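Here's the structure, in structure tokens; my notes come after.
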Amino acid sequence: MNSINKIPVIEEKRTNPLARVFDEFVRFCRSRSLFILHYCTGCGAIELPPAMTSRFDMERLGIQPMVSPRQADILLITGYVSIKTLKRVILTYEQMGSPKYVIGICSCTVNGGMYWQSYATAKKLDEYMPVDLYIAGCMPRPEAVLAGLQKLMDRIHSGEANSWEDYFRNYDYYLGNQQKLFGENWQTPTDIITEAKHYDLIGEGTLGKHTQILEQHQKPLEALDMRLGHDLKEPTE
Amino acid sequence: MAPMELIIELILMPLVAFVVGMMMVLMMRRIAAKLQRRIGPPFFQPLYDIVKLHSKRTQVSHGLIHDIGIVMAMGGYIAAETLLPVPGMTGIAEKGGIITLLYLMMIPSLGLALGVGQCANPNGSIGIARALTAMLAYDIPLVIVIFGVAYAAGTTNLVDIIAVQQAGGFETWGAVQMPVLAIAGLIAMHASLGKQPFEIYIAPAEIATGPMVEMSGKYLGGLFVMQCFQLYTTSVLYVSLFLGGGTTWFDFLLKSFLVLAIPVSIAYLFPRYRTEDLLRLMWKWPVMLGLIGVAFVL
Amino acid sequence: MTLTPLDELFLYSGITVLVALLLGRRLPAGWMVTILYGIQLLALMKMAPLGYGGEPISSALTFEVMGQSLSWRFDALSWYFALITLGSALLSSWYACGEWEQRFRQSGGNLWLFHLAMTLNVFSMLILLASGDLLSLFIGWELVSWAGFLLMAMAGGVATKAAMRYITYAMAGAMAIFGGIALVYVSAGSLQYEAILTAASQMSTAHLWMLVILFGAGFGIKMGLMPFHLWQAPAYAETPGPGSAFLGAISSRMGLFAILLVLVKLFGIVNIDSLKIPFTLIDARDLLAWIAVFTIIFPTFTAMKQNDARQLLAWHGIGQGGYMLLGLVVADAMGAAGGLLHVFNHATYQAALFMAVTAVIHRTGTADLNKLGGLVVRMPLTFMVLLVGIIGLAGLPPMNGFVSKWLVYRSLLNEGMPLLFVAAVIGTLGTILSVYKLIHNIFLGQLRVEHDNVKEAPWSMMIPMLILTAIIFITGLLPGIPLAWVASVQQAVGLPVPDYTLGGVESASGSLDMIWVIGVLFAGFGIGALIFYFAGGRSKRVHQLDNYAGGHFLTADVRYQYSDNFYAGLMHLIGGWYRGSFLWLEQSVKSLVEFLSLGMQGLYRRANAEFYLLSTALFVIAWVVI
Amino acid sequence: MSQELTHWLDDLLEEIEGIKVRRKSSRRVRADVPADALPALLELLQGRAGYIHLSAISCVDWIEDDEFELVYHVWSYESHSLVSAHIRIAREPGVYLSVYDLYQPAGFFERDIHEMYGIHFEGSPNMEKFILTEWDGPPPMRKEFDSEAYVNEHLNWQEYNPPWLQELIAEGGGVIIPPEEQRFSRKKD
Amino acid sequence: MRPENYEAQRHPPSNEFELNFGPNHPGIEGNYALKVKLHGDVVVEAKADGGYLHRGFEKLMEQRLWIQNIALVPRICVPDPSPMEVCYAMAVEELCGLEVPQRAQWLRVMQLELSRIAAHLFTFGGHAATTGMYSTMYWGVADRDLILDLFEEFTGGRVYSIYNIPGGVRRELPDGFLQRISETLDYIESRLPDYDNLFFKNQVFVKRAKGTGVMSQEQALAWGVTGPNLRATGLAFDVRRDDPYLVYDQLDFEIPTEAHGDAWSRTLVRRLELVESIRILRQVVAALPDIAGPIRAPIPNPLAWNVPAGEVYTRVESSKGELCYFVVSDGGPKPYRVHVRGPSSMHAVQVLEKMSVGSRIEDIAQTMFSLDACPPEVDR
């Protein structure tokens, strides 16, 4: 199942012509300012420093590296993801703020690449998280990386790069694949379901049998609410 | 002053500061790019970043204090701008004076410290501890310098300090009258910008950008806005203290950008100090220079 | 005999003591005492004209002792300090009522003793403040010392030890004061203030020196001036909660009051100026100023290293005293106003801070900064009180601490004292550092699992804290209100008066208008909030475990909070400078005294006539030879 | 020099019982010893012959012999030669002694072999997992573990035909080379 | 994994707290983690956590043909892949008894030394970036790219060249390549003074690096450290000279050492090695035109190639230290066992853990980068 193409470009109903201009402006800004997460998941990361530094200079496209997932827009999966890394990648992906984009660099993210026999690496990245763009090659040259990023910029500008919504709307599917690989006890600290409710991103596939499994063992992750009054309920336990 | 005029000034001054500050950010990044032999970001890049960050769809808050911290960080600087006279506009500079301005400039740091504190991330807390330590380091030479300038001018009112310097043309500039203090001030200003070699509290490789570690979307955007204000405030304060402010917008902006270009050009040629080395440096040279300068003034 | 308003005040105060003594074991005693404090405050308000330049009011009560008349009177200075005393007593007592009282009683505390000690403290302070001559001053002084000892020692254990240390210092101080009084009596022939005032201008330099040293040391011990500051922090920190709020707010300011009265009013700060220290460039006033500055810096940086919230606050209490003395010693219009205003401001925020910390202890059972964290979500109002308090303590706008510190800085700048100025700023910066540690380690960061069910402080504790918070903010916004009282105090002690307005101070060389500054600040916050909440997208609150940890999964059993050795980077440089020199000094003085007393003991025990004869002879020979 | 050294080393090694020494080249010596004699051999090599650098410990799973072979490669900075000491231990229960107190690098290699082959080293300071901390299958380097079967069971990767690839093929682009055009690109020297 | 028993658990009473360096952290090389427990800012306990890059190479190689593995091995160490190929090819050759032609050996030396320069430039960049000096990183990585251009030209691959096959190398040099390599070397040499001024002589950097992550020679020997890290403690040991392979015994080069064993010495040793590599390359460039002959020995059909049974231990000096392959053949078409001894497996795990304890937050990243750890080698 590849559900990226199922999500239509959302045309919000806005009658004010200025609002349309404003939306266009926001989309433009989003496409011109991309923060890459500094996370070398695999060997393709070796081609990122050249793309970032003086020779190819990513910053002239408005792209710069960022340290923590909170700050970043793009998650570059640079090559094979071992299963241990995949858990961290999913955690990191969920911690990023939307709109967020995933780029699979190297062939290994597509179907496992030359490690197809390996017991330790996950094979198809888009089973576990929606991928906006693949840059194939082993490993793709910096020019290819830049070309891919430019393509992503175009897609963002035109409003096509909305795979992040797919993660909310089809969370059950992705969670199911994650549970299959990591076991049914799998839980990340980010509560995707309440987040989807909070931002009105609930889709048909958000809830399903896998999220039910999650809810059975999930430890509560509500934010620590600020308790002002003294009419506090006595603790239940 | 007519109240309407004053209100317009109060609105215009932060706005101007923001726009100029964004250009200063751009200049900083362009200088870095030139030193690193590359092209650098496009002209509107700071604007793109800020708009993008504010338009993020999902953002993470760790609680009310996290929000308030960012509001304080932005609001403190917005308030501080109105105490900083620019050509043609004095705002309420006469009501506060330079000591108040210095204290108002601490409000954003305190707000940020509170906000970061609630993120429950030790990286952020270490960053704040280091930022406050850095503040302890550079504020001592800075107040010595400000003491000297204010004493020489006989007033803490920034409008008067600028007027005194503009009285006799180039010769009465603070930098000409008090060159030793001007040098000390420049070092202290460099440290207050938090750029290398004084970049101890961002330190990505040590504490993962410290205070910024849990900032997403508009929270980070608020910090970007704050950076614009910070660059503007620091350089304009230096211009007002030592370079005679500005009579026209052109020479005012020219001076501000030139002053800022000095620390920024130095910054990209150095690694960062350790905390105690920073303290040692700041408490040795600028303090010594500042005290010598003050002795001349007295 | 008609009762003057001052007599009424004494009457009510005495009744309060009696009530505490007789009814203190009954449960509503706390409320009764609180109400009686309120009545005392009303009686004080009857004398409100004093605060605006009214004539002094004398007590109808006078005694003749050994040819000296003992009299009591209230002037603007006394009224100002009495206002602070009664205000903090009222709020502390109010704070103690209700849940705190119950908890205190349950945990084996002696509530009767607590109320008695508090009321005695207030009563004795009023007597001290009302003193009309040096003898009544000394009587009041002794009363205050012992009442304070009672309050400090009541918790037992460590507290008693700290209180013993205090009383040792206090006795030494009393000796010095007594010596000073004797000296004054010898030279002036009277202990009346008027007589001393005239005699002071004719005193010889050596005489004046002796007096300055004796009185300075005697009163300075109570104030916790360097190098006599060691007793204060442990003693205050170990006092039961509201007691520490009261003591921290006002108790040590009695020393400042006495210094003001004797050194500034009687001897005149200008006279002191003429006392040159031979072979140096500084005079006695500079000496005092430097003592004040060291009192700012050293305790503040000691506070930074404390890991107990109350110890931290108590050390700051010492440091803030330095600002007051500094302002008074500079003694121009602004400086003196700043120093005096700081007494009021310090009382408000210090009381609020101690109360907030006590509330935290009340709920969590600990004040150890390494065992707390993240409480802002559970005790938000207490957090707000503490925040307002620390902003005041650090002297940042918009709270009242800023105004008084601004005045002190301004005067230092006017007088051209760069080193003192810088030293004062170092103190402020150190304060900012250590108060951030306080608020971070208690309220921010990771909420500990065992504190998940902590509740907000009860209203009986909350309301006094909120009142103090309001006072801190309002006097920050409108510093003209306390400045009016301060101005009349300055008139009363013969210092120049600044040109104050409702919003601050007017001056040709730079003025301050807090209404504008705060207005602009809040406008800035408003614009910032507008941008933040309307221009930015919606945010979602997340759990504290949903956090960046280098890509790792955080679990609840991991301690993810930075608290111990908070300013580690700074300590790498200055950590080696904490030598404990003063502790060493105290120890050596102690052992010297012990050694001497042992020697004396030995002498008595020997009771050998030849030995005495021989030593006397040797002494005489030595005397002659030299 | 190397001749002299050789004799000296050979004499030394003869002290170990049951040792078989084979000289593979001037700098490589293979020594086969019984499992219980290895600590003595290593002690000898380290203490008296200057072989102070443990280059690696390798493990070979001889499943047909039902044995593990452990190979200790030690290097001498003085004589510039490498001795590989081979021992064999039974596959079950797969327990051997740690040489950590002789060679500290052994800590890493033993830990590695422990998680890859399941051999337990008695006395090794840290037998926790390092690489496969989140792996709950059998030790993967054992010969009986079939990696391919595991992959086919747990991960689906074969039927991969995403829309973008279909599009690409429909457009006639991509990397599809007809079989008749496929050849080994060999360039004549 | 998941937050368990949130209500039941209590925090440990100690004042220590945990901080995770990595895997998503700029202070760590690649995808690796160091979990540290801190008291104040001093590390009291450090635990390396690897396996994020584990692909099971050793298992994979047992399942593939001898010749297929050539494509696999360079992936084991990403920043410095060439020694991996050479070492593996040498192992297979030794098992088969193949004689490698002289020209191929010289070409291999050229490849290895170019790779060493690229790796060192990359390391300098990373090391500088951890101390906050990004300019060196920007310059260093850009200059490394010129070397990658050379690789691309003469091997066809930018990063993973896959240039060696058992028996020799894959391609002859392109026309005029020696000229271009000389030009690039001239350029890099001309850049060295700039690097010195910017980085190696930068007083702030020297201040930070001196005394950071100190390792005495005894410790280094006991911990099994090799390569530049060992040479930085004063012991001049280099596999190229002391256990020579290829034609290194015919080349003239020095082995730079430094005495102090701290981050500063380690950086300086690499800086000096850069010069030595350039010197070797110049000799290779001068010698190559005179060495004619084939570039590879004839080998049997690689798809049905049964390598004779036996075992072999080959060693190569990579930019990170001693790289060894232990290859066992049972006479079949696939290797029976390949054990890769990555040089970093020593200093990235045990040594890093030991050196971190007692150091400060500031120094962890610098220690790791100055050791030049390469996580994929450790994880394999």
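As written, the chains take the letters A, B, C, D and E, and residue 1 is the first residue of each chain.
As a convention for this text, a residue touches a chain if its C-beta (ideal position, glycine included) is under 8 Å from a C-beta of that chain, and two chains touch if they have at least 3 such contacts.
None of the values given here were measured: they were computed from a predicted structure.
Ranked by how close its mean Cα position lies to the mean of all protein Cα atoms, the top chain is B. For chain pairs A-D and A-E, the one joined by more C-beta pairs in contact is A-E. Between the Cα centres of chain D and chain E there is a gap of 19 Å. Spacing of chain A relative to chain C, judged by their CA centroids, is 56 angstrom. As a whole-number value, the distance joining the C-alpha centres of chain B and chain E reads 43 Å. Centres computed as Cα averages put chain B at a distance of 35 Å from chain C. Shared interface positions of chain D, defined as residues touching 2 or more other chains, are 132-134, 140, 145, 147-148. With touch defined as above, residues shared between interfaces to two or more other chains in chain C number as follows: 374, 376-377, 380, 447, 452, 538, 540-542, 544-554, 560-562, 568-569. Along chain B, residues 36-38, 55-60, 62-64, 122-123, 126, 204, 208, 213-214, 217, 274-275 each make contact with two or more other chains. Every pair of chains meeting the touch criterion is listed here: A-B, A-C, A-D, A-E, B-C, B-E, C-E, D-E. Chain contact summary for the complex, chain E toward chain A: residues 1-4, 6-7, 23-26, 30-31, 51-56, 59-60, 63, 71-72, 75, 78-79, 122, 125, 137-139, 141-142, 144-145, 148, 158-160, 376, 379. Residues 37-43, 45-47, 49-50, 52-55, 67-69, 80, 82, 84-85, 88, 92, 114-115, 117-121, 138-139, 141, 185-187, 189, 217-221, 237 of chain A are the ones touching chain E in the complex. Within the complex formed with chain A, the chain D residues making contact are 132-135, 137, 140, 145, 147-148, 150-151, 154-157, 160, 162-164. Listed in rising order, the residues of chain E touching chain D in the complex are 48-51, 54, 56, 58-60, 63, 171-172, 221-224, 226, 235, 237, 242-243, 294-296, 311, 313, 315, 322, 324, 326, 328, 336-337, 339, 341, 345-346, 349-350, 378-379.
Per the touch definition, chain A reaches chain C in the complex via residues 39, 68-70, 87-88, 91-92, 95, 188-191, 194-195, 198-199, 221-230, 232, 235.
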